[in-house]
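Following are the structures in question.
Below are two complexes that have chain A in common, paired first with chain B and then with chain C.
Let's look at the complex of A and B:
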């Protein structure tokens, strides 16, 4: 029998990272991503998501909730992204669909649509400032916030994890190499 | 550079947004009864006001939602932005300016 195991390929494979120690850039690998849409005023919808993921849907704009296995990110007033460990996305998608049943909602597995990378280190904010129009000052955007925005020519979905600062950045895979190299280039002056 | 207030995400740079023209255009109730000219007016003709006008905008690179705005097309001043379905803000009087 022919070996049919699928080898996963990331657009970030083999790319060189920043040289110095003030900016770290790493791939988040094949973290699973599922988009869910629904009405957060509908108790059936909210409960179903809570039952399956163990995490409350964040209804405050630009925030996220983390659980043991899953984390849920606010993307819009009726849209959230759920992140799962690698290879957890199909099981989550199936479980959500089953649980939600006829409840008005939409569940889409977008794991292969976004590449995810982590930008961190003392100069990470300075690097982001070079291409983002967002006000990144800690009084406006801090740990616990997430948002869709732009970086240079790429539309990104960005999460701030901690005050180091550490950012997780999700970008459409066709933009991943461009964004990565932009970060590396922008990091140069910080060593 | 303009700063526009998304009703969901707060103040953001203009490059995250797209303007989609005049807002509050009601679709005719009985399209079958309209003449071609009336239908053409509905589809194509906009007021293009010089001054304050109500517009549709979308926060493409943010939450992706559509909303309405009251903007002065001469000065680019955004008087207010509001969610679809909410009552439109009053046009400010420019007296005394």
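Let's look at the complex of A and C:
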């Protein structure tokens, strides 16, 4: 068996960020992401996820719960995304599947499906308003919220981290370069 | 001083900032704060354009967004902006403007001959004349368009940038005059999110031109400044000037265009967008869009110098320009007297022609006290001057107002300021499908009711007093905010006092008669831009086009860039007169967006060039770039089409690639295939529902091919699904069908089987897929993996989890070529790493990178279908000769019941067969028809068409597949394929498998 140095490639590698200081755009690297589907009225399901991650499944739409290692994001009435630090996803996937056993559910590793980038800075919200038809006013979407939406032609899953504002944006990797370049162009007017 | 019409003081222009600009190459001076129109008028230039059809000289009519005449091109070359209204172009130093629709020059336009021949060019002329012969219409149209055209769109790319912005608000206010500002104040004070929009550079609306207006005993503009200062302090209030609301759609969805840098001229950097297109969702809308003055329809009322009275007043008070020294004010109401008084105060010589028998009231008295001549019960019956007004002819009106009497007399003048009353700007309200009501007293249409939450205030609501506008605005702003959930318990503040003099009654004469019959020698234009006259309306009525919708199309009234802002009501009123019915009985046409012209750039925003459409790339894309791939667009994906070597064209490259795969080994990027992860106890139940074959007994580690049908039993996708573990499957779909299949599955789970224990999630991009194909695939792969690849240990239609080049992988032994094949799936981040490792490992076998075209040829050699190419939504599995994949034993599945329908069960349906040409070098066109009997020309008896056709190097000849009526029974028979060039090829129908019929190659060479 031939062994060569293993290289990991992200679609965001080598892309230049915005020039000015009012919008920052960075790659979040290979954050681990696992989709979990199930019924939050089923105590076995909720407990199993809690046992493995130490985090309660959020049942309020557009919210997420954060723990020490894992954070869980509401994506839909029966769908959540669990984020882990890089390379934690396989162990998490295995542990969840084991713990859930016969409980109706699905556990899917989507760490490579989504690229994750961080858009922040005073003008970050203005940049998002150019492509997202969502109401991003601080009274409507704030730190602690997450949502699926679109930005221009890309379907995205977006998390607001703080009121700076800082957004983490997950997008299918085949759209990542397009989305990144769109953000950079959209940032240009804000310096 | 070159600006001979500039008043010495006053106006809102900045006299400390002189600018110079050019019009048709000639240099002029103006000031910052001018519009192009006001600066040209300051230089006594009235002639600004030529009309659309008759090429008549035209001057500026208005001072705002309703301008039909002064349509110019701003800038030049790639920055030229055609069809721009001179009345809304803000002046900057170096501005470059040119006239349109004239050749060789504005002063001498050869098209003016149309005017001389105008008796032969009435409305509908083109439709009637150029209908014969029919085939020539396209040719005629080209010439007519060229001579009637508006400005010329630049052919080079636009160097400026544009942006789109999505926004939400509680209260959107369209219009920043006294009514709109009042509404913004009361709405803003509640803390509601308010967006206040005005088209002009400054807020104030009518007050900007209303010299002498007072609010609470102070100049009205002081109130405007104070209101703006207060609004600016409100955090939730967004103030947008230079922004036009252009569309009002369902559910209070509003679009607006903001001009960001237009008023600064061309910019060196395009960092800042030139314009921004706003898409706003408003809970409540306040329309404060003002009103438009109506022109008088008298003979030759289009001469440069004939203007709306309110526009003349705006030029005097707002821009410090007296458009002419000798003015005739022609009116049927009191409002135009203010223009007369302001012109007189600024040194103009003024006479008033008033249609009323006995005008009275404070304004009339004031004019009389200044010894301004007033000709009462009189009308202008004609004008003198061609490129510039020189005078008017006046006569006394008869009692009914439909004729004139007495002696004609002449008044020398260079400006006519006319007013025939006012039309509320109900355009946006009507766009929102609000219903209009005709107000007899105002002689105009006013808003009635609308299904969306909005309030019309001020003059767009027919409220023409300043106090009325303030009062309605204050009330609507608060009501709107309260309806949006703000300002509970707040009450409407007292309306500031804004006393005004009383106005007398109007004497409305829609058509101003003259001393000879209509259409003899003089034209009464109601629609300036499209050259439509009162006589044209009569003609329309005579020819039966009496409906307002027909009238509009026949005369093109309201179809110019101004959308009939000054013409619609007049046209309707004239038609009502002709028909002898009331104006509401004629009705109105529906106003449509955009309210003012919009640039395409603004609508596109950043979605241009590379951002126009996402180029979806696989994880191995950089390797394909490096290795010289030519790409094919598959959906949004960039897939390698073929990999040409130096000097190769596509044909040569594909032939080489096809040969190399079967002779040794090839590699292709299969990452774009749709993939779904399916889990749950009912997963196999779901597969049994979706696919036509049986899935209950598929063991972990095993793969199976399946066809998916819709409810009609027609094939719509196919792919291989693998059992990963207990109750866990990995499904693949076609590249183009990935989204459709995912939605299809989700729909069935959610709407029909929500009780099933099964979930499906897309994992298309989780996996990078490198596909090895060819007899030497095993030899390449075994250098990189940690498992036994022998045919016994890893048989066809099996999946193994292992490591490749040090990274975890799932390898599927499935094949789309009939060769030994491995589809190597690794997490996307490792896709490039594994691709490069495989290329390196394959080097000793001359591994060949190949693209989608070679894939197509290789699968066709084996008779494998491509869903969507060999099927078209009307093809059953049986039509594909794939009865074997339709389970007779398992229970129900999607499409099953349709297989027993008589039409679906027919045995002579179009069926997939092979087609071989008599000449092995002929490659048939895909889509070509097979016919039973060749005739000189269609129609011929068509049997079906070719779906796939290639030159196959492995078969040493061309091959094709076709969908042929009763094809299974026609095998061995010969038919003809006529071509577009008139030739025909003889073909024989065969089995669709052309290569390795016995399937001997599937295990490749042993290691």
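As a working rule, the second predicted complex is superposed on the first by the 187 of 191 C-alpha atoms of A that agree within 3 Å, B and C clash if a C-alpha of one lies under 4 Å from a C-alpha of the other, contacts with A are read in each partner's own complex, and residues count from 1 in each chain.
We adopt the following convention: a contact is a pair of C-beta atoms (placed from the backbone, for glycine too) under 8 Å apart; a residue touches a chain by one contact, two chains touch by 3 or more.
Quantities reported herein were computed from a predicted structural model and do not represent experimental measurements.
Asks: Once the structures are superposed on A, label A:77 by its partner contacts, choosing first (chain B), second (chain C), both or neither.
Replies: First partner only, chain B.
Asks: Once the structures are superposed on A, label A:147 by its partner contacts, choosing first (chain B), second (chain C), both or neither.
Replies: A:147: touches chain B, not chain C.
Asks: Does chain B (first) or chain C (second) touch A:62, or do both, or does neither?
Replies: So A:62 only meets chain B here.
Asks: May I ask you to decide whether A:134 touches chain B, chain C, both, or neither, giving the answer as first, second, both or neither?
Replies: Both chain B and chain C are touched by A:134.
Asks: Would you check which partner chain A:155 touches, where first means chain B only, second means chain C only, and both and neither mean what they say?
Replies: A:155 sits against chain B, while chain C stays out of touch.
Asks: Who does A:107 touch here: chain B (first), chain C (second), both, or neither?
Replies: Once the two structures are laid over each other on A, A:107 reaches chain C alone.
Asks: Identify which of chain B and chain C touches the larger number of residues of chain A.
Replies: Counting contacted residues of chain A, the larger count belongs to C.
Asks: So chain A touches chain B in one structure and chain C in the other; where do those two contact lists coincide?
Replies: Common to the two interfaces on chain A: residues 133-135.
Asks: Would you tell me which residues of chain B are touching chain A in their complex?
Replies: Touch residues, chain B against chain A: 8-13, 15-16, 60-65.
Asks: In the complex, go through chain A and note every residue touching chain C.
Replies: Going through chain A, the ones touching chain C are 1-4, 6-11, 30, 35, 37-38, 78, 90, 102, 104-114, 126, 129-135, 137, 140, 152-154, 172-175, 177-179, 181-182, 185-186, 188-189, 191.
Asks: Hey, which residues of chain A end up touching chain B in the complex?
Replies: 61-62, 75-77, 79, 133-135, 147-150, 155
Asks: Under the touch definition given earlier, write down the residues of chain C that touch chain A in their complex.
Replies: 161, 163-168, 193, 271-273, 279, 281, 605-607, 610-611, 613-619, 622, 636-637, 677, 679-681, 757, 759-768, 783-786, 805-808, 827-833, 837, 840-841
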